[in-house]
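First chain written, first letter: the chains are A, B, C, D and E, and each begins at residue 1.
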Amino acid sequence: MDEIRIISRPLADSTKTILIGFPGSGLVGSIALQYMVDQLEFPQIGSVTSKYFPPLAMMTKGVINIPVRFYEKNEIAVVIGDIPIHPMICYEVASGLLDWFEKFHPKEVLTIAGIVTNEPEKRVFGVATNADSLQRIQNHAVILPIGSISGIAGSILTECKIRDITGLGLLGETVNNPDPRSAAATIQVLNKMYDLNLDIGPLMEQAEEIEAAMHRIAEEVQTTEAGQKKEQLPMYG
Amino acid sequence: MDEIRIISRPLADSTKTILIGFPGSGLVGSIALQYMVDQLEFPQIGSVTSKYFPPLAMMTKGVINIPVRFYEKNEIAVVIGDIPIHPMICYEVASGLLDWFEKFHPKEVLTIAGIVTNEPEKRVFGVATNADSLQRIQNHAVILPIGSISGIAGSILTECKIRDITGLGLLGETVNNPDPRSAAATIQVLNKMYDLNLDIGPLMEQAEEIEAAMHRIAEEVQTTEAGQKKEQLPMYG
Amino acid sequence: MDEIRIISRPLADSTKTILIGFPGSGLVGSIALQYMVDQLEFPQIGSVTSKYFPPLAMMTKGVINIPVRFYEKNEIAVVIGDIPIHPMICYEVASGLLDWFEKFHPKEVLTIAGIVTNEPEKRVFGVATNADSLQRIQNHAVILPIGSISGIAGSILTECKIRDITGLGLLGETVNNPDPRSAAATIQVLNKMYDLNLDIGPLMEQAEEIEAAMHRIAEEVQTTEAGQKKEQLPMYG
Amino acid sequence: MDEIRIISRPLADSTKTILIGFPGSGLVGSIALQYMVDQLEFPQIGSVTSKYFPPLAMMTKGVINIPVRFYEKNEIAVVIGDIPIHPMICYEVASGLLDWFEKFHPKEVLTIAGIVTNEPEKRVFGVATNADSLQRIQNHAVILPIGSISGIAGSILTECKIRDITGLGLLGETVNNPDPRSAAATIQVLNKMYDLNLDIGPLMEQAEEIEAAMHRIAEEVQTTEAGQKKEQLPMYG
Amino acid sequence: MDEIRIISRPLADSTKTILIGFPGSGLVGSIALQYMVDQLEFPQIGSVTSKYFPPLAMMTKGVINIPVRFYEKNEIAVVIGDIPIHPMICYEVASGLLDWFEKFHPKEVLTIAGIVTNEPEKRVFGVATNADSLQRIQNHAVILPIGSISGIAGSILTECKIRDITGLGLLGETVNNPDPRSAAATIQVLNKMYDLNLDIGPLMEQAEEIEAAMHRIAEEVQTTEAGQKKEQLPMYG
């Protein structure tokens, strides 16, 4: 039994770029890319499963969705995950994905993740597997002097470097809540890099709603003792 | 050694539907389907075991029963589990079951599970792997806007989606006790979907007995300090 | 490397019954069957080991004994374990034993275990894998209405059921101490089922010694504060 | 990858006896046999390693030593371990060693270990895999009526019994500190069994030094509050 | 899937020595060798990855670096790790590296690690797999009478000993902080052994900066209660 199982039609010959977003800090990568495929109407072309993934079916308006999905349109393939990848299997997932994508000779693999900085800004930091490709993103993103990237984003970048595939990383400055504002900031970089012309207005509205809700909760906690009002999401099993 | 071991005669050519119920919240799935096979006298046709299942033999009137069983009658095959499936092996159990059932080209696979909502109602929620089949159940069940289904029911629905097998899910609103009333609600949906004509009277009586017993216990706890009277079930080893 | 390793000469063609006793509650199964093979002078014919067993050598009068042993005489083969089987490996041990025994087409496999009931009686409860064989033991043992049997005894009964081998279980009512009195009760059932004519007198004397010792300890604990006198068994390594 | 890896020249045809000592209670086995090979100048002929051993290099006067070693001289082969064998791998180590040694048809395998009794004496207890070989050691060692031997010594004795190789065990009465006095007691038994003529004087001096140091520490702890003087051994990494 | 994956061009025929440094106490090995390859401009020739490594990409000025790297120049190959090797995989990493290097018949393998002694000195201790090669380093390093080396350095030395490859170890006396001063001390030994002529001035300046910073922190902690000023390094995911 393989470590991960990819069920997908092959990529189109014209596809040059792979964008990858898994949930991490601020869910930046998965929010940004799900927004992109929804707005630009990328068709889903495949899915990924693994015995190591948590037993979970996602559901939207009653229809089941597979937690890790492939989309493709206009020379771009996209991988979106709804489930976090456990550190123990990041290696298997990263090398399994790149084994599959490598067959289609992508020009570059770009990973989006979040970076918690405790700063109010929403900067986007950029990394790359070599100096040449770093030049491509240094006009659009801040270059970090030193550090490390952990989790599935780190594994994908390391795998790209090892396989000599151009790997890029966009790290949206974020906090530990779902963060559409940081996702929007990474989309603005994608807009410049790939001429996507994607309107980030709806994402910003969503961000304002989340922020307003959090602001209200913070005020309620301050002004009342109870502070325990919480919407219940149903749990299934 | 395979992950799960299926010992069964093949399904009949006429069988179109697979119903699956494992114990989860409220034991809704296993109570509903065990009641159905008992009332409609479905013969047992096979069983499932696994090195990953807990070491356990079930027993009714002194006769041993295998914890996971196959039944079949009137174009319907049924899988009933008496043991909960550990999250670590849901993938193996779901893909092992579907590997076997896929050979018989079922028209649809319907999973019954419980959903804890902290509401007194006994609604039944419906999900499906595609919009077409969702239509089939939306007259009989409530469609949830968004959420996730965990455990073996989630794994089966994801596997169906990946394999392009029509998968349906009925989630009976329940609490964390054995819940024949919620099981009865899901049976009423099965009655409509498969013309089963199954009388839920006995299940409702059983529900009333359990509820009366719980009511008595709650009153005793309130009126006396002792509150520790508890029938002892023997434990074996 | 196999899960369990059986080193034994083949069973005699005449052997029809396999008796199995591993230590569980009250050590009922291993005490009963060790007593039987000692009294009836069953020769040892083989042994079982496994990488999953604890690293342990048993020793009697300076001579090493293998923790799991096969005996055979008068149409009966016996499996006795001196070590408890961990829940994680019950499946492997049960299916490994039955893989081996199945080759010799036994008429029935009878497992002896303990059942803790917090009652002073020493009843013997009986279970079987089918209604026909349940009839054989219902004159000698109490039939339980509903319940489950866990551990290696449960795994062996489930495996018998799955393989369509007649499986019987005798559960001696016991407490959580070594319990020769409960073992004696199960031997009286064996006497009737297999015409063994085995005298349980010595076992009953042993039971009285253990009970007297426990009575003394209980009294000492009550009358003195110390109550800490305890015979030290040497530990090796 | 094998469970254990043996790098050694073959045993000499003349070798009849295998002596084995791993660290356990009192380090009796490894102290006794290391003393023996040093005094009698046994050349090292091989070594054992395993992915399951802790990552560790031993060092004497700056020269690295492999933690498990083979020696051979005068019809005797010796296995000495400097590292304790974890219970999880005793089976693999014992069966791996015996797989290798069995090819050279040893007459007997003798294991030395410690036995904690909380008695001041330094008796040596003897066990054997059969009554005949027990006779060989009962003049030199005390025979225990009943009990069990755990750890690698227990696994080796069980493996010998299973493979029908004569297995002997010497258990030196000891405490939970390095115990040259108990090691010396086991050497006196080896002297009688194999005519080794080994002087235990230096071992006894070493024992007296350790005991004097412990006596001093105990006195210091009693007479002062500090009692914390402790020589620091460097830790590497 | 192999335990470790080496992606590298073959070593040059002229290469005689392998230097290995992984992070351990004081990060002595990795600081010393990274400094060496930077100063002497060793080109990187390969990299190592493993499913057992933590999911992590290192980054310098925005460019991704693989956590374990090979360098080679002037008859010397160098292995530098930026990630600690977990005890559970030291065996696999050590034997995987030596499987690969052994093909190129190196004259010697030298490992650099730290040794915590709680002494203010920065001595370098030397060990070797045989007495002849110990002579090579005993003029430059202190020889320890007895002890053990744990972790990946211990595994490499043990593997060298087992394979009969000359193995040397330099253990820089250190504390549990990054310790360029100890790294510098080991480089002075390398200077003598391999005529490297490497200036340790910059390392000593770095050491003074770290020590001054620690001194300041210690003073602040003493004079103020706050003492909590700490530079935040961003964490990614």
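Everything below uses one rule, namely that a residue touches a chain if its C-beta (ideal position, glycine included) is under 8 Å from a C-beta of that chain, and two chains touch if they have at least 3 such contacts.
Because the structure is predicted, anything quoted here is derived from the model rather than measured.
Common neighbours of chain B and chain D under the contact rule above are C. The chains that touch chain C as well as chain E are D. The pairing of chain A with chain B is characterised as different-residue: of all residue numbers used at this interface, under half are used by both copies.
Each chain gets a centre from the mean of its Cα atoms; for chain D and chain E, those two points are 35 Å apart. Separation between the centroids of chain A and chain D, computed from CA atoms only, is 57 Å.
For chain C, the set of residues that touch two or more other chains is empty.
The touch graph of these protein chains is a ring, one cycle where each chain has exactly two neighbours.
Residues 3, 24-25, 87, 90-92, 94-95, 113-118, 126-131, 134, 138, 143-155, 157-162, 167, 169, 171 of chain B are the ones that touch chain A when the two sit in their complex. Against chain C, in their complex, chain B makes its touches with residues 1, 5, 7, 47, 49-67, 232-237.
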